[in-house]
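Quick heads-up: structures coming right below.
Two complexes are shown next, each including subunit A; its partner changes from subunit B in the first to subunit C in the second.
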Partner chain A sequence: MNRYHRIAVCLAAAIVLLAPLTFSDRYANLAIRILVAALFATAFNLLWRQARLLSFGHGVYFGAGMFAAVHLMRANEAGLNVPLILVPLAGVLSGLIIGLLCGFIATLRSGAYFSMITLAIAELIYSLGPRWQALFGGEAGISSMRIPSMGLSFAALNEVYLIVLGWSALGFVAIRFFAKTPLGQIAYALGDNERRLQFLGYRTHAVKVCLFALSAAISGLAGGLLGIAAENVDYTVFGPASSAAPVIQTFIGGADVLFGPAFGAAILTGFGNVFSDVTRLWLLYQGLAFVVVVMFLPAGIVGSLLSSKKRPLREAIANTLAVLLCSASLIFLCESASILLSDSYASLRANQGGSWVSYRLFNIELLPSSPIVWALPLIVALAGVLVSCKLKRQEEAA
Partner chain B sequence: MSAISLSAVRKRFGSSEIIRGVDLEVNTGERHALIGPNGAGKSTLFNLISGQFRPTSGQILLNGQRSDRDPPETIARRGLARSFQITSLFARLTVFETVRLGVMANQGVRFCFWRTAASQREVTNDVLALLDDVNLSHRASVLAAELPYSEQRALELAVTLALRPEIILLDEPTAGMSVEEAAQTVALVRRLTAGRTLLVVEHDMDVVFSLCDRISVLVHGQIIATGAPDEITRDERVNEAYLGKGLH
Partner chain C sequence: MTYLLTSLVNGLVFGLLLFMVSAGLTLIFGMMGVLNFAHSSLYMLGAYLGYSIGRWTGFWPALLLAPLAVALLGAFIERYMLRRVHRHGHAQELLLTFGLALIIHEAIKLMYGPYPVEYAIPAELARTAFSVNGFNVPLYRLFIGAVAISMFVSLFLLMRYTRLGLIVRAALSQPLMVESLGHNVGFVFLLVFAIGAALAGLAGAVAGAFYPTGPNMAEDLGSIVFVVVVVGGLGSLEGALVASLAIGLLTTLTVGLDWTLAGALAPFGLSGWAASIGGLFSITLSSLTGSLPFIIMLFVLLFRPAGLMGERS
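Moving on, here comes the complex of A and B:
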């Protein structure tokens, strides 16, 4: 990359990152959620990329940060007067403290046992949630309002976006810098060979606790940022879904690349927001994408792109085409199935005396009994498979 | 005072006793070899001394201090470093970064997260000197896992020495090497361990006799003889149990 390329990339990044300042609440909110998810996934991946510790309970530290931020905002309403820009620090602090405690216990073991302990801690907190009314606010959760500070009203989300952008940037820089410090290097070595590291005189448990606490603190920061944007939080943030999100995003994006998880988080959050309006099956597609990526692109999307730089462009286009054709056909089949198997369609058919009735999908009228409705997607999928097979044969020949 | 001193050390795994009452004195500054047939318990003894296992009974002293209840990292900090028989390094680290881990441990740069590792000049200089010592300077930026076997052994040695240990345990440093490579490694070990205490497990008798001041013979979990190389070659029990087969 020469200097002009670099300047162009920086400019483009600046435009993309600053654009949400002009957005309406709906899209500023989406931009905030994307940044928060990206920071959370990157913080989660500190543990996996470096030390090969796979946490299944990071929702706890994210949730802790969110609750801490909202509690602090409530204190602000009661007259504490901490400027909004500093409120996410409450998330950092609570993530750090809870991370130290839980990390100390979880990192006593490695591998699958570590994962199980983190999972158990998350379940524990999740079940505690609805019972501890004072702290978690029960089923309804707790809410608060942003109070104007530093000359800004923070009524619109694009003003909050500015705070989120600043703190996320700081979080990313911290994670990037950490990898280059002695402790970051030691964490890398720990992921490769913990035993050997002990014989060099390193207390590996202490290294793991530090790493866990840092990861939890930045997860708490991400939670705190969402807290000031959402202005409310309930105990479901400790649920399995929020712990699973960074895992899925990380592996789809690319776990061994620094910004792979952020990329995965950005596309999944972005697509999720857009598609959840169009289809009810978004979670199904996300799950399928996860399976496909883990099976065929174990390095993740960013990881595969980086390692396949030398491959010819034609091949990349053919691969993308194959994936697009197959997934288009799959999406059509899934959507059709979800309509045809629904109760409302069954009653519609019953009204018509059991004969096939047409249904609407993507604004097209389709009749299930007509062969073309099924033949066309089949042909499209077949075309995708053919492209992929031809490519594979060429690769083998070369 | 002995650098390493074992008295009546026993180690039992389940129902089988691998180490059956070992007494061993390794004097400060000497090069001591531990030989014996396969399965005699040499590696187990190494693991006991370096803290990977705890003895079932008996005492181990390092420089006169009891050490048999300490974890490996404490023993390493007391100045004992070991290499491994099966090369076991860090797959995702380069040669330079691997040696730097040892140097950082030695210089006490451990829980530092406010400056980059690359900015620490003293550490970097030390790493470069060590790489030069083991002839790996030209390989500094290669991943450790991509080195050929003999260079991995040299790297293993460099990491071990980076700790500036008083006592060094080497587990078969020339295993799997050609005759020339083994000779080079012996010269390297002799040069780099000057003035330190060395305990080495080795199968190659040429290496043992050319490198070491004293030899102990371990058979079935017991030391049957200790002495200078010529005493050991003359010892009948040793010849019967081991050397007779080993030398010819």
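Moving on, here comes the complex of A and C:
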């Protein structure tokens, strides 16, 4: 039974992972971005899961990989014949070198200081970016074209997806097996108690530099993969947003599980792609989800799913129901606010002589002055809170 | 000469503004070990609240009400959010404030739109204080400086000469011991967090009228404020003051200098060679102004990790 189970899981995974090969460019692009984000978040989490080092500047190594890949592709256009499948290696190399340099400085300290140094390095590169024309291409960035190699034209993104899939798999395997090596084990001990490790005679700084360099190299690989898919890059890749992404994805997914960050990256990138067309508040919802997870599910989504003791089904359903009710009401209120506070609505109102004008939300015509519009979300939220309170009381009674 | 004077005044005022924001951050960091990523968001919130309240009440009452509102929010964050995740460690607290910064940034964009609002200086302060060599010093710059200095003096007196200040200083270094002596350290934490938030809010309400009040003001100031805290030394008010002034002066003084690394090599006869290489060698100092604080911070961390006035590392 167990064997069939495993075969079924492997088959399903293979189908899901290979399906993008038949997709059109738009969805192949999304699949590539999901894989890249998953690899990047997992590489970032290498530092946190093992050594408890929280980096807020990993966008630097990702960006370095992306720039290296695009530069190599430009060299390819000029006549250097590196097959496309090897181009992401430039990302690994640049991530490794810059990671060694920055890691040496950053890991001199740990805790909040480490976070601040990584942040400062990222800000430094970000502020230098637009000034350094030759390397970063100024404000416009640099771009290139994929050159056919090894019998494939690489004109369509699903051919590129094959490369991305192969390299990401290698990256994941590297991270998985690094944890089993002696160095990986020492890195775990480092996260538990650095002082003790020092007394045992280990050079903890060297261990931290190695770990940092590995994490940066795999981040560079992720950047290189996005580089060959996107074919262009500018200095904003060093900005705060790209350093924040792996942090958010990792902790929403679950930082202490190997595949937690990948899960977080996959759902956030997927949802982000769908919802950023529908709403301009996607980043707000992502931030809210992050804070809610940090406060109520410290182990992340995957972490708490795995660790929770066999909870009764009724309880799980009630919990999900409470969360759904509250978030539905919140989304309704935020979207309404976003419409009612916009300039276009203000001018619409001014045209009507200052009276309340109805607005459309989720294909429903709503009038802001009617009490039902405001009472309904409040009632829904209240219902959610009541369900959650009742659950808590039952838990306490039991 | 005029350039030097302009830069000095601008730099001093910018430094004092940096101090107003970083004072709260360094106190919170020193005391609770929490690196508050949302601190500069509270500064931004102060500016926007000052603008919104000011439209109803006028500038002066808003200057009092906006910091108060931000202090209440700070107290709420400490009591109901930070304290909840405290048992999961400092990293979890840091992540929480990081998430709060994201939310405040997006919420401000939702409420006020992506562009800066017109938060104007009140008419009675929109004058020139004095002019030297045809260079006018706006009265409002002096006002920002005066607010910051009076804040520093009152904070310093509060910390040095009152019983509350004594407890706060003790809790900075030995929170467990202070708790054993029967003081409510939890309440002291709440108070420090609220006061720190109020200071950031006040800085925002004062500075927002002079500098642009837009959704990016938190991001622009945020990392520089971290630099100030690190350079000044953990939990040290005096260190924060010195570091803010130094960084404020340095960034404004270098804005107009077009020195390059190639130029610096001129005495060795290498400037032509360096300029031909370009890249790093031909970047002017003025274009590095934004990067300078971070370079300083890296050097301080490498050579004096405790900061200028920090006592422990």
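The rule is short, and it goes like this: the second predicted complex is superposed on the first by the 396 of 398 C-alpha atoms of A that agree within 3 Å, B and C clash if a C-alpha of one lies under 4 Å from a C-alpha of the other, contacts with A are read in each partner's own complex, and residues count from 1 in each chain.
In this text, contacts are C-beta pairs under 8 Å (C-beta built on N, C-alpha and C of every residue); 3 or more make two chains touch, one makes a residue touch a chain.
Every value quoted in this text rests on a predicted model; they were computed, and no experiment measured them.
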item: Room on subunit A for both subunit B and subunit C (clash or fit); value: fit
item: Superposed model, subunit A: greater residue contact from subunit B or subunit C; value: C
item: Which of subunit B and subunit C A:Phe23 touches, first, second, both or neither; value: neither
item: Which of subunit B and subunit C A:Pro182 touches, first, second, both or neither; value: first
item: Which of subunit B and subunit C A:Arg131 touches, first, second, both or neither; value: second
item: Touching partner for A:Phe271 - first (subunit B), second (subunit C), both, neither; value: neither
item: Which superposed partner A:Leu197 touches (first subunit B, second subunit C, both, neither); value: first
item: Partner chain in contact with A:Trp374 - subunit B first, subunit C second, else both or neither; value: neither
item: Minimal inter-chain CA distance - subunit C and subunit B, angstrom; value: 11
item: Residues of subunit A that touch subunit B when the two form their complex; value: 177-178, 180-186, 188-189, 191-193, 195-204, 206-207, 210, 214
item: For the subunit A and subunit C complex, residues of the former touching the latter; value: 48, 52, 54, 56, 105, 108-109, 111-113, 115-117, 119-121, 123-124, 127-128, 131-132, 134-135, 240, 244, 247-248, 251, 281, 283-284, 286-288, 290-291, 294-295, 298, 334, 337-338, 341-343
item: Subunit A-facing residues of subunit C, complex; value: 29, 33, 35, 81, 84-85, 88, 90-92, 94-96, 98-100, 102-103, 105-107, 110-111, 113, 219, 223, 226-227, 230, 278-280, 283, 287-288, 290-291, 294-295, 297-298, 301-302, 305
item: Sites on subunit B touched by subunit A in the complex; value: 50, 52, 71-73, 76-77, 81-82, 84, 88-93, 97-98, 100-102, 104-105, 109-118, 120, 159, 163
